[in-house]
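Quick one: structure below, then a few questions.
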């Protein structure tokens, strides 16, 4: 099939199936594709790929400070019988479930609400939500440690003045993980809100006009137009949020040090303990590989959920 | 963490880098994996056996010292001139400003006419050995420190000298990365430095640390003003060593816990079950328990004495309510904040010199030994702080670094630590201590015990023990079970470490 | 798309009042840390650590600022941070936009597979890459250089992912129109895609800059002299110890306040590009 004469064809008709294009055209198309991804890919190969492969290889060795031997799947087998591993696995799953769905919904809802305001108000709110990201981590941890302090912190002070018993937020294994989750929510979604509000701006006005003319309510419009067209942005927030949730470390380390007795420790924490304090790098790498596999799996699932070739 | 977490981290401050260390460790290991065929990794290149050779090399290039053991050069002066100039790089984390021309520490607000402690040492050393240039790099002493050190070791760009305590040297000695100081330690040094201190930094019969000062994983700060105000003044120990019994300690805690109408405005003590639990160990050790048996082949904290002491300690928070609640998740700087705000009247403290400027005047700071039972002795774990020398390919460079190390711990330099309230290792300086709290600190050298000498010590001290305390304080386990579980894990780690050591000895 | 409260039905009004109430509460929660940072930086050192904290400072002092900013080579550190964060941002904007376009609109063999492998590098905890990277840099003699500081920041899978998502939403008709008009591939990219992607680019710009500005571990490891340090690394000393004896929170907060300023500048500079989004006026119907 010859390439259409561009002067007599309207847009839309120009789209031909790639499989129907002549071989040469496909090669050219390939080349241009590679061209555009080349710089990033090159950087990736040099600075990420090699160390990643190394880590994977390491998980099949037993490497302490002095020894180094191939042990095949031994590290993985050891993990499967380690009670701590299951504990941190459970915690990691908890973090994931408590953070990502709530966070995505929260970001979208806040973004949609903010987007309806005047320009000035929008600037104010978006700046406010983003501020925790430019505030140093040490500030955030100091504040939240104070909030949760069981003897003298603000939250318990409020509770006590209302007549309740103070709660040992961080020292109690039943509330510690939740406390960290709450803190995480309070400081993490500014970037997502920025992104989603930016995407909201990309939705053409005429779609809403058409819907309004048809008599659709605000809610209907949101559900039928806004959300579907936000899918790419939401996908991004969900996937990067997932990666973030699976890899939380700082907040845990600063607030509870993984305690009490690993009640708040997750897989990343486990990796740290095995690698650093136990000097068992092979085992630590095995956990890292496990985490990688889990993350990829969850991300793939989310990608399927959110995928939509929104071409219009 | 959100989007930026891979582009960079916005929570990226000191403590967060613990994770970085663990995984930097992993990646360090991957490269050791590559290098296990030989070549540039220090583990392969410099077996510990050659640690004594640098001195021979340095000496053989033309000095007049007769024997290879340059064991008694006068402080740095004669051993150095080898005709070759070296650049020694040093990593430090201490930042002390001296008033120029004196040994006096400068007040925090003074910015002119001051010189940094290490800059001063370097200038003085230049006078003694003009051939050697010393470059110093100031870094935060947190886990990012180890990430950087590990990375540099793998890449072969490690510094010559590293500031650190004996517990950290123990991490690098098994790697074969550290040079022994035995050949540079003079007889005078050995007389001046307490034997216990030298033993602490000895691994496999060789000494690896230039000792500077002592750090005590024990001792308790008391707010004497509050104690006196609440009628407990008479309970305070007044003897030289501030030695006293558990009974009196407990009575004081009770007196300084003020509860009215269901809420407590003042607690007797605050405890933190984070990585600083050595400040809690002291209570168990002083009530008859021990961490290890004689030759450190067995972990024995779960003895009946240990269980009883742990129950007593946990009871302070859980039943007696004299300890601020939340020890299980409390971090040590939070504990300090509470003590400094006078919300609690006692804090098990890391050691001397921890008082911020301006705080000393707020109330009377009173430092005491951990209390003991009538039939037991007080014990505190002790760490030695100093400088250790990393092996380089150029043995002459290592020798130059050793000279500098020796220079750094000369009496003059140690005088400075005296003046900022830290206990120097040299006994000859102890007579100059006047502050009564610091004097008490000096007497701690009689009740020292080690943090543990084997490779398993790090894990036991900083992971297993904290988790045990956390489990008990958060009521996840009763004391006996927590200690038994701990002993199981600790003994396993100990056995692994001993097995590794045995492997190393055999060819 | 903007509807004022007046235009809403009564049921909606209630909902909106509640919703905006929540918005305001969340804003307060978010603003509080920076308020805290500022006020603590202005408090005299002796009251900084007191409990309960002084919510409104009784006395204000600039001592913390002078200690943090005058006692150290802050000007040089600032320059370094600007150079490094700026270069990484520009690099990422270029690389990621190109890659995002490639993954979103271009079709080529192995596109999805390559994309996922590339993305998976985000899914390994980043620090695993640290030491091999350092060793690589050491062998190329890039320790303590700007190149060493900047280069690893250019991989940016997050950026490529973000731009891909964004560019995906651009209508194909615009590209097709460009092709019909005779645009070359490069022209298509620079004259059509990039302008339309301004909001996405602006967002990425902010994320990249803030992320790199706050980067700590890599700059710490790759630099070995004080002159090459970035602000974050330099101030880590201020925070970690004053004569290794105690933490100087007041000065730390002052330093943090200072460091927040450039990020705020960048934020406000970029945010106008995505404030109202874009209207695709180029298309009809």
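Per-chain numbering from 1; labels A, B and C assigned in written order.
Just so it is clear, a contact is a pair of C-beta atoms (placed from the backbone, for glycine too) under 8 Å apart; a residue touches a chain by one contact, two chains touch by 3 or more.
Not measured: the values here are computed from a predicted model.
Shown here, the protein chains touch in all possible pairs. Should one ask which of A-B and A-C has more C-beta pairs in contact, the pair is A-C. Centroids of chain B and chain C (each the mean of its C-alpha atoms) stand 38 Å apart.
The geometric centre of chain A is 39 Å away from that of chain B, both derived from CA atoms.
Between chain A and chain C, the centres computed from C-alpha atoms are 16 Å apart. In chain B, 3-6, 9-10, 12-14, 16, 19, 21-23, 26-28, 30-31, 338, 343 are the positions where the chain touches two or more neighbouring chains simultaneously. For chain A, residues that reach two or more other chains under the stated contact definition are 51, 54-55, 133-134, 136, 138, 140, 149, 152, 190-191, 195, 240, 243, 247, 249, 268, 271, 285, 288. For chain C, the set of residues that touch two or more other chains comprises 51, 122, 125, 128-132, 156-159, 162, 207, 210, 239.
Here chain B touches chain A in the complex through residues 1-6, 9-16, 18-19, 21-23, 25-34, 36, 43, 143, 146, 174-175, 263-264, 267, 270, 273-275, 324-331, 334, 338, 343, 455, 458-459, 462-463, 466-468, 470-471, 473-474, 476-477, 493, 500, 503-504, going by the rule given at the top.
Note for the complex: chain A touches chain C at residues 6, 9, 11-12, 14-15, 18, 29-41, 43-44, 46-52, 54-55, 109-110, 113-119, 122-136, 138-140, 142-143, 146, 149, 152, 154, 157, 186-187, 190-191, 194-195, 197-205, 208, 218, 229, 232-233, 235-236, 239-240, 243, 246-247, 249, 268, 271, 285, 288, 291-292, 295-296, 299-300, 309-312.
Against chain B, the residues of chain A that register as touching in their complex are 51, 54-55, 57-58, 61, 63-68, 133-134, 136-138, 140-141, 145, 149-152, 160, 166, 168-173, 176, 188-192, 195, 240-241, 243-244, 247-251, 253-257, 259-263, 268-269, 271-279, 281-282, 284-285, 288. Against chain A, in their complex, chain C makes its touches with residues 1-3, 8, 12, 19-20, 23, 26-27, 29-34, 36-37, 40, 51-53, 94-96, 98-99, 101-103, 106-109, 111, 114, 116, 118-125, 128-133, 136, 151-152, 154-162, 165-166, 168-169, 171-173, 176-177, 179-180, 182, 185, 189, 199-200, 202-203, 206-207, 210, 239, 249, 252-253, 256, 259-260, 263-264, 267-268, 271, 274-280, 283. Put simply, chain B touches chain C in their complex at residues 3-10, 12-14, 16-17, 19-24, 26-28, 30-31, 89, 93-97, 105, 108-109, 111, 137-142, 144, 147-148, 150-152, 154-157, 333, 336-338, 340-341, 343, 353-359, 362, 420.
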